[in-house]
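Shown below is the structure under consideration.
Residue numbering begins at 1 within each chain, and the chains themselves are lettered A, B, C and D in the order written.
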Amino acid sequence: MQVGLVGITGYAGMVLYQLLRQHSEVSGINLYDHKLTRNQPLNEVVPSFFTDQTPVQPYSDQAVMADNQMVFFATSAGVTSKLSQPYLDAKFPVIDLSGDLRLNDVDEYQRWYHKDSAPASDLQQAHYGLADFESAEDKTYVANPGCYATATLLGLAPLVQQDLIDLDSIIVDAKSGTSGAGKHPAASTHFTQANDNLQIYKPNQHQHIPEIVMTLKSWNKQVKAIQFMTTLIPITRGIMSTIYVKVKPGIDGAMIDQVYQDTYGHKPFVNYTGTQLPDIKQVVGTNNCNIGVVYNPVTQTVMVDSVIDNLLKGAAGQAVQNFNQMFKFEETSELELTPFLP
Amino acid sequence: MQVGLVGITGYAGMVLYQLLRQHSEVSGINLYDHKLTRNQPLNEVVPSFFTDQTPVQPYSDQAVMADNQMVFFATSAGVTSKLSQPYLDAKFPVIDLSGDLRLNDVDEYQRWYHKDSAPASDLQQAHYGLADFESAEDKTYVANPGCYATATLLGLAPLVQQDLIDLDSIIVDAKSGTSGAGKHPAASTHFTQANDNLQIYKPNQHQHIPEIVMTLKSWNKQVKAIQFMTTLIPITRGIMSTIYVKVKPGIDGAMIDQVYQDTYGHKPFVNYTGTQLPDIKQVVGTNNCNIGVVYNPVTQTVMVDSVIDNLLKGAAGQAVQNFNQMFKFEETSELELTPFLP
Amino acid sequence: MQVGLVGITGYAGMVLYQLLRQHSEVSGINLYDHKLTRNQPLNEVVPSFFTDQTPVQPYSDQAVMADNQMVFFATSAGVTSKLSQPYLDAKFPVIDLSGDLRLNDVDEYQRWYHKDSAPASDLQQAHYGLADFESAEDKTYVANPGCYATATLLGLAPLVQQDLIDLDSIIVDAKSGTSGAGKHPAASTHFTQANDNLQIYKPNQHQHIPEIVMTLKSWNKQVKAIQFMTTLIPITRGIMSTIYVKVKPGIDGAMIDQVYQDTYGHKPFVNYTGTQLPDIKQVVGTNNCNIGVVYNPVTQTVMVDSVIDNLLKGAAGQAVQNFNQMFKFEETSELELTPFLP
Amino acid sequence: MQVGLVGITGYAGMVLYQLLRQHSEVSGINLYDHKLTRNQPLNEVVPSFFTDQTPVQPYSDQAVMADNQMVFFATSAGVTSKLSQPYLDAKFPVIDLSGDLRLNDVDEYQRWYHKDSAPASDLQQAHYGLADFESAEDKTYVANPGCYATATLLGLAPLVQQDLIDLDSIIVDAKSGTSGAGKHPAASTHFTQANDNLQIYKPNQHQHIPEIVMTLKSWNKQVKAIQFMTTLIPITRGIMSTIYVKVKPGIDGAMIDQVYQDTYGHKPFVNYTGTQLPDIKQVVGTNNCNIGVVYNPVTQTVMVDSVIDNLLKGAAGQAVQNFNQMFKFEETSELELTPFLP
């Protein structure tokens, strides 16, 4: 199978390319970049691929559709909103790692992204691909979830789906490594500033909030809003989403434990670890989400510790999982990765 | 003034010694260590004081009281519980950085510390020295607060004291650098394990929980319990206590802002920064607690971001602040420190 | 093929196990540990393999030889020196990642390792497996090189083999991440001490010095000694060996460039990058050694920058490379790894 | 004494301001910045001084000379080369932390800095202020040494001054934290790139090379050149300069030890630690240079380990030391700093 990849210069694109290169169902990868006007070797465009001279081609939708059977977009916010139309019209398979078609409402997109939205009809047709809960099989345009959203939704799913908690009580204290902030050097990710530091950013304003709320609502209509905070941590890769919720009267620790076991017992990429709380290094290098849960009867509060590799499960890994589902390959193809330990 | 310092080998003791050496009211410092049977030069006992040959002396209460006008204990849990009696009997001034006499209840101590408690009468006589709220003037035995407790209590004080919040809703997601775990090498603080990682530890079991609840109750009798979690972060120094609470009906952002201004406008070591959320590096190297607050009207939730240097405001710095209060020195003596930036 | 692995608890053993699990020629892996007296599941012995319940068995040479076609030892110094005999007697294939049989001289071993040596005859039979230079094909007992030795020898090989340099001028300033110091927590690798720090250790006394000198001598009999220093760096994985040598009269930059190209142009795991100096992250996650070289005509000095992943090329990766050679598998089997970027 | 400070936005300026604020001989500090056209509060210009509203003024030499008794420049390369003239003409005291007037030769400056030089006569009048070796007393214009140069020159001084070594053999492998690269975010200091990495940069081209060679020549005319490499390390503050030299025939370890003791026994800011090799954390937070030395008789090579805080001894601290010398204050005023431990 021949696949296209637009946006090789960002971290998600780089990691996705590494996965696809080894994928047994992928015969070739065409790379594209918007800023190019002529072909350039990959190792000039991204020096860290220092011996790989695969040509990176200027982007055009005609070329992409002519030369590939599907395409991945690993582009920044504001790119695919302008490009989705011809693919949807042609029913050409797309997996879009950006946030542009994740929401189903034009106004919501504009409010949280501060950019023009894709057309409303495109938003309607796109499938929000939280791969562990809804398969991308038979879907044309998959909007791959955000990294924070993935960790948080997988952490909350059993509780919200089974209606065990006070839905007004959801508080998420999420922490991310700097690779989540992208490749462009900035003041907050300057080593001298980020090292030995914790920095809260975008309080109540992170653009992953609406896709979390949208999905929680699809599971339980009573959900209205969540309290969601993000802290930048001096690590390169990894997200820990620490979630606090109050349980409904009558719910106890054993019932909570049971719903997590029931929900995740058979899902290949979600490991429920009970009261053994996972640390980030357990999942870095993998497509896994590890989830530990501790119930405190004194405060009737459940604490959920959900960890992922933001560039794999939170981006490129889940994109390949959606790709496997979309084309009915083995779901775990090229994703049985071992943690990068120690 | 001649002062004694027991426990120079730990991080808090090391930092305390550095502060006291420069204190204008301190004429001399006698160092003591329990494990010694004869005098040894400091740079043998703690190689990082590599040119300082001050003798470290074997500990005895008689020697301490004979040769000093007051004494600091920077010892581990379980030490001063066995030693407090003669000092209290003699009304000899003590500032105790350990947790042994912070709680006012023998059973509570045993439950959270898993050790034998000091006698109940000693617990009653000790003063919990949260220095920004209650002066140590005229106190004999000051139990210096824990690092997590200091950041959390200063973050919560205006809201709890002014009764603005649902007291059942307090959730604290606290993060600490590794120096908080002490000097003894352990698996979780091994560089290879701690670097590039976040590790939740002691869920609902951290020994600072009871002193927080005890103090909150002293401010507002309705407080019953808090949800409190601790995460180990790959930084050396610093604590961020991220606090979430639901406000009572009718409370808005302006009222919250006002109580923080009223509470902290004139306190020298607490800086209220409004919605500018402080990062950890702003306070490392100082005795300051910086506090930012963001109210989210959608969820009626206040998020408080309270940061301190765990070894200064969270230990040795607050101990010197208590010392200054106890002996009526200028409260800010030797504590007008600049942040260690960049 | 059924293989045994003794020493799963250390970092090299952990990484080796991860590689072997995916190796297409390995049908099963038996794990052994010296300290066990009965079988125990892997995730009890090494909690970071948190779902893997493969039994770890007590060690005995009879069991190892009965149940496997070859065995890897990933044990500490001082273990295989006592165990090598029966395997050599039986001509049972061994790849030994420890330093115990790398040197060919009993006195040298004792001088640098401060332990009893394996018998002299065992030392003579063992093959020093610097896999990019001498194949392990038909060898019975392979002593897998040390991590510092691998980076340094590959960096120096072209210059020493082609006799371009003043052999008395070799200076190596080598830097390693903390995983090289092993899994046991120690004062120097305590996060609080190692973070924000550089620490020189074992000056002129590192146990990899004699295997480097032994191998250099095998290439050029004039070599007598090297100046070799090691610095502990606050990173988890990776070694940079920075090498300085004076060239012989008449040698220029072009000649140096040519010998590196000639030596490494066709070796799959050594990438010569010319004056583009490699950083450590280029190789972490791979079995590659990347080498950049800058000649300074003003000082007639060549600076060689040689980087490896200490746990792969410097341990488990090279062990698999030796395994592939030993059993005539494709040399690159299971070793075409992509760098762990970003 | 009223002092001016031009360039508060950079790290050296920030640290210098912190020192000067506490200096007992400084009554007031006027801050200036080139890019301003009107006064702005400091905490707007540098948010990390978050409560300090001292006005930062637009720069003009008339204002600086009218309102102050001396001025510090903590500006980037290429600034004071254009501004030095009026100060030299007026014999107005200047301490210049930039490299612009360190060299005594116009062509050398242009070759290493790739910028236009200050006039030759200005270069001649400026004093290279390596404060531990030549006092700034009675000097008008002090060019404060570079950070790498300070660590390297102090490490080499006894050997070169006493003529104990082969002067063609000097090799310096210097490592620096990211604060040395300044405040401007760049690809190499982006956290995601710098963390878990070592990066060699500017091989044989670092602009501190010529000031090192110039100073070594002033000590020993036979010096021609040095081999000097710089590696970026994932720490915030600190430099380790590891120096290798061959000794002359007949020199032994005891003689080397003696010259270091003789040279540094009475200097307040240089601590010679013998064969106890200093790590970086011993000096971070201080104006000290700690130096350890190990002689290897097998290779006749001396290894010198010289560590400093790049922003204190390597910039602002040495600038204050020069200031103290210039105005005949106690040399150690405001510089008796304790290491920032742990």
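Following the convention adopted for this analysis, a residue touches a chain if its C-beta (ideal position, glycine included) is under 8 Å from a C-beta of that chain, and two chains touch if they have at least 3 such contacts.
Composition by chain, UniProt nomenclature: A, B, C, D = N-acetyl-gamma-glutamyl-phosphate reductase.
Keep in mind that this is a model prediction, so the values were computed, not measured.
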Far-end chain from chain C, centres as C-alpha averages: B
Reference interface B-C: repeating pair among A-B, B-D or A-D with over half of contacts shared: A-D
Distance from chain C to chain A - Cα centre to Cα centre, in angstrom: 37
Computed distance of Cα centres, chain D from chain C, in Å: 39
Residue numbers of chain A (touch at least two other chains): 11, 177, 179, 183, 192, 195-196, 234-237, 281, 342
Of all residues in chain C, those that touch chain A in their complex: 11, 14-15, 18, 21-22, 48, 50-51, 179, 183, 195-196, 236-237, 271, 273, 276, 278, 281-282, 285, 311, 338-342
In the complex with chain A, residue positions of chain D that touch it: 11, 177-179, 181, 183, 185-187, 189-192, 194-196, 234-236
Sites on chain B touched by chain A in the complex: 168-169, 171, 173, 175, 177, 192-193, 195-200, 203-204, 225-227, 229, 231, 233-238, 240, 242, 244, 275, 277, 279-281, 284, 292, 294, 296, 298-299, 301, 303, 305, 307, 342
